[in-house]
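For reference, chains read A, B, C and D in written order, and residue numbers begin at 1 within each chain.
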Amino acid sequence: MDRNQLIKWIEAPAKMAHKYSLHAVYFCTGCGIIEIPPAITARWDAERFGVLPAATPRHANLFLITGYVSLKTLRAIIRTYEQMPEPKYSVGFGSCPINGGMYWDSYNTIKHLDRYIPIDGWIAGCMPRPEAIFVAVTHLWTLIEKDMADGYKRYRVHYSEYRANQERILGALEWPPLFPKE
Amino acid sequence: MNLNILLMIAVGGSVVTYLLSSISERIRDAFAILVTLAVAVAVAMLYGRTSEVTLWAGFLGNPLLLRIGPISWLFAMTVSAIGCLSVVFSLKYMRGRERNGFYYAMLLLVQAAMLGVTLSGDLLSLFIFWEIMSWSTFLLISFNGGTALAAGMKYFVMSITGSLAMLVGVVFVLVSFNTLEISTVAFALSSAPPGYLWAVFLLFGLAFAVKSAIWPFHPWLPPAHSEAPSPFSAVLSGVLIKMGFFGLLVLMYVLIGRNDFLSLGWEVLPLHTILGVIGAVTILLPTFIALLQTDAKRLLAWSTVAQAGYIILGISFGTALGLAGGMLHFLSHATFKALLFMVAGAVEYRTGGIRDLNSLGGLIKRMPVTFAAALVGACGLIGVPLTNGFVSKWLIYKTLILEGSPFLAFVALIGTWGTILYSYKFLHNIFLGQLPQNLTSVEPAPFSMRVPMVVLMAVVVLFGVLPGIPLTVIDEIGVTLGFSALDVAPWGIVSESGVVNMLNISTAVVVSVLVAWLIFWAGKSGERVDQADSYAAGAAVPEGRYQYSMHFCDPLRRMVTPWLTDRVDAFYMGLTVWFTDVSDGLRRFYTGYVGHYVMYVVLFLSALIFVELLWSPW
Amino acid sequence: MSDSLRDRLEVVFKDISSEVDVDGRLTVHANPASVLSVLGFLKDDGYDYLVLVSCIDWIDEGALEVVYVLSRYLDPADTDGGRVPMLLKTRVPRESPVLASSIEIFPVAEPHEREIHELFGIRFYGHPRLTPLFLEREYEVPPFRKDFDTRQYVEEVFGNVPPVGEGTQAL
Amino acid sequence: MQVLRLILSPLAALVIGILFLGLSRKFMARIQWRYGPPLYQPLIDILRLFTQRSVSHGVVFDLGIILTLAASFVIVLFLPFGGLCPMSGSGGLLVVLYMMLLAPLGMALTAGESANPNSSIGISRWFILALGYEVPLLLVLLAVMTRYDTISLVEIVAAQRSHTSSIATFPLVLSGVAYLLIMPAVMGLRPFEVVQAPQEISSGPMAELGGRYLAMATVQHALSMFIGISLFVNLLWGGASNPLVFLLKMLVMFALVLWVNAAFPRLRIDQAIRFLWRWPTFVAFVGLLLVVVIGD
């Protein structure tokens, strides 16, 4: 808690609070989830960075999409992302959400996750290690610092396009549009 | 406005209502409301005056008297107020049902009879009005037919045994003191040996105990309340039970007198502690039985039995504070229980007769005013501050602890926690949670049902914040019964032993609510969403299958059920079965063949001769 | 031991061929019509556990080969654990693949047959509910068939999903 | 002066409550061989939650959460905090006892209105657990009340300071032991954390609570921990003349409870009830019996 940290706290406490308290939705979307338990337990201890697993999306502001995203999981991911309170950040974890990874030619997994929900940060690697997660968290801090982690704003602005893409892949969705076009 | 005119209006009103109903429904409804309103206003005007009128001089040289004093005024006021509200409530509820003329007549007759019971000055008129009240209640309980007949029969059999005991009591008093006028009987009893006291207490006490559904005599209440039409079960549970307490009060502290009553019973186990223990048992068992109920009105009925225990606990301690607590709890229970029954009636009326707690839910979106009434009623039932339930239970707890009986206080407090469980089950399963598909088109309660609910809500909160209003009347009662006076301020009791400072607590609660609201307002406002946007682990909310109300408190239910078999009810049922067997056996005695009858006569004569020869008693 | 079984099989079923490979696994080939009766025979003989049902797409021979893997679950004699499962193969033409469902004999086959129906397109006659097991969408060519061109499918379905907005992360 | 106390006491309770939350997370981390967050981490979490835009399910949803927090504030007003007791006038212990039923009731309204079965199950568990630990708790409180023959907390604390050696206080040791056995349940910590079980019923009543609602729920949880411990210190450990000694005593108690919290897995609700109604109730009942017998 050195001097310029204190100044930042005084200037923008809300932003600093969002930086140092990232509660991640505990939602195992793909094979990457096997890296989360070691990250939050004794050896790597994510709690030092203020990262805790949260029980429901309502409690969380960080969404780690770990591993390949199959069509069925995409439906749950969209639903969970929409239920998170507003300043929320999503991080693509591993190479599969980025460009399909080793399932690049599979008929059952989606290739570019950010065409369905906005993604603020990526962690490359076919199941990146916990250290890579912490590097991502620190990068997310700088993004939040510079107001570049604006995934939720983009979702609100381009919602119709996101919704169109979702419906093109998944067919009819069982829940009404999040931001109805008033 | 002397009393027999008042009574005349009440009884006459019911007869005229029956006649009017053949002419037109609307006139009859207006007339019924007019009569009950007039009676209520008349009783209100009688406040503070003690007058005595002889109703009819005739009977064996004992005049039938009507007398009004502080006790009878309080009970009469509650009877007429709740009666008037329930008539207003039943306007829409009974609209379009057949025989509702008969229903209104009986309702007014019950209220007139209860008025008569509270105003009666001598034991005979008390008995007469008691009988009228009993069988008119039977007619109303079995109004819906079907299972209601069985419930009515059960009630009728038990209340008849009570009335017979009271009749024997009246005859006993007439024979031993050849006067029936209450004050002279009290004077005569004070000098009578304890045997007389015990006899009078047991005979009259049985009748009053059956009516007030105390623990051993309670099995008639749950079926009767759930089968009766809702407006009447509001009256039944709110006020009719209290006639039993009125009788007990008059019996204990007027007829027998305070110090005789306290000295009654053995040294180690005086009578009033026995009553206290019975009150404690009445609190504990029905509270947990109420938790298992899935029918809204049956849950409320069992809760009435439990709350009756608190009143007995308060009254039976014989201290000024205890009496104040018991009487105030009688008053507050009358208000919030009538309110809850009206809520159940409104929900039943609007959802087409559904009372099952497992198939309702989410009605707050359709019936907000009824939810507010249910919330205030439940808070009163639990005893949340700012409601009158809190003040009355507070006084009862204080007497229990200061009188040095912590175990009764323990049972009473556990009763409160049990009350929370079943009153929240009532609230949650009807109003909160997911609104099922078939209830989406339910309209809010009609205006004529909302008026009595709002009035009762106001009374519950008003007496909670300013308990001084009812406490002044109760203090007068205490003084007339020979208790020490409590100096009452509008916001509570000032006397050092019973300090309850409602203003202090209410301001604390209101200020902290304000502070909490400020904190809430400081945060970012939330988006309003409906019940479909709920966390379902990433899936969409399954329509109609996302409500947890079946077996609401299941772990506790599984643990508690083995101990909750109602042995008293089983005992009564066993008694009836045994009785039918015996009478079946006797039936065989009459074989219908004349020869046998001649043989019986001859045998009997020979037995007589045999006895005469042996012991020659004549 | 399996020799006596093979002899008995030859005796009972006429157009059946079987061979034992190097580590003692018995493979029986039967034609689609007599598959159910062979399964029944083997079950009575002791092969009471159907491990799995799978399918091979011989595209150049124009046939889909359904393989039943059977094993003796509670075999007291075979104590050293060396249970070697046996295979029962049958071939079905690729154009209109229909096979009788073996649920009456081995109820456990129900999900296996649904999967094969979904991924290979074999219709199992007599199966209570041939609903999709894993896939969510309809495919004209069942995905596991060799003539299903995944790259062309991916390009056609996922390719034309446009990226959203000109956000900093647009790839 | 009175107004100052009225403001100071809840403020102190808030600060200490949040400090306890931070301490518990640091303590648990140390037990699990990891560094754990800084002590002021709960403050950051609460600030973050306050600035998040969450979801509301209606007026009663908001009313319930406000009621919960208000109930905890009122209790704190009546609790003496080392010689500082803002509202000692009107019968302290009964009000505290009664207010403890208001907090779950407020949360019950919020949970019910959020139309989520997880929160309904959580609330029914909270009431059952409350009924579970109320039985021994009431016996303990009644023992203390009948022993000092008063229902005002301030008088109890004063009485404890004057004659601590008389024979009549021996049964209160039993009551103290009973209270210790149910302390985790009163505070809602691990062996009895079944109400807000994050894994099974996705944190029970708080399943649908987002930004500021979750912040107020965590503040209420912190206050309820503060109340649980300060009730024990006041009633059975003699309270304290100045706040610092009182805080020290509370820290000792809190460390004890955290050891239990770190070591035990979460009990099922019926196991919890079976435990709560067996040993603590027996010990508390014997304590009350002795107090009544020795007392008169």
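Just so it is clear, a contact is a pair of C-beta atoms (placed from the backbone, for glycine too) under 8 Å apart; a residue touches a chain by one contact, two chains touch by 3 or more.
Worth saying up front: this structure is predicted, and the values here are computed from it rather than measured.
**Student:** Report the most central chain, judged by the distance from each chain's C-alpha mean to the global C-alpha mean.
**Tutor:** D
**Student:** For the pairs A-B and B-D, output the one whose chains share more C-beta pairs in contact.
**Tutor:** The greater number of contacts lies at B-D.
**Student:** Report back the single chain whose CA centre is most distant from the CA centre of chain A.
**Tutor:** B
**Student:** So the centre of each chain is just the mean of its C-alpha atoms; given that, what is the distance between chain C and chain D in Å?
**Tutor:** 61
**Student:** Report the inter-chain centroid distance for chain A and chain D in whole angstrom, where each centroid is the mean of the CA atoms.
**Tutor:** Centres of chain A and chain D (C-alpha means) sit 36 Å apart.
**Student:** Mark out which residues of chain B touch at least two other chains, giving numbers and ranges.
**Tutor:** 524, 533, 535, 537
**Student:** Can you list every residue of chain A that touches 2 or more other chains, as numbers and ranges?
**Tutor:** 56, 58, 83, 86
**Student:** What are the residues of chain D that contact at least two other chains?
**Tutor:** Correct list: 51-55, 202, 207-208, 210-211.
**Student:** Which chain pairs here would you call touching?
**Tutor:** Final set of chain pairs in contact is A-B, A-C, A-D, B-D.
**Student:** With touch defined as at the start, can you tell me which chain A residues reach chain C in the complex?
**Tutor:** For chain A paired with chain C, touching residues are 71-72, 98-100, 104-108, 110-112, 114-115, 118-120, 122, 148, 154, 157-158, 161-162, 165, 168-171.
**Student:** Which residues of chain D touch chain B in their complex?
**Tutor:** 10, 49-58, 60, 62, 65-67, 69-71, 73-74, 77-78, 87, 89-91, 94-95, 97-99, 101-102, 104-105, 108-109, 112-118, 120-121, 123-125, 127-128, 130-131, 134-135, 138-139, 142-143, 145-146, 151, 202, 207-208, 210-213, 215-216, 219, 268-270, 273-274, 288, 292, 295-296
**Student:** What does chain B use to touch chain A in their complex?
**Tutor:** Result: residues 524, 532-533, 535, 537-540 of chain B touch chain A.
**Student:** State the interface residues of chain A toward chain D in the complex, per the touch definition above.
**Tutor:** 13-14, 16-18, 20-21, 23, 41-43, 45, 47-48, 50, 53, 55-56, 58-59, 61, 83, 85-87
**Student:** Considering the complex alone, what residue numbers of chain A touch chain B?
**Tutor:** 27, 56-58, 75-77, 79-80, 83, 86, 173-176
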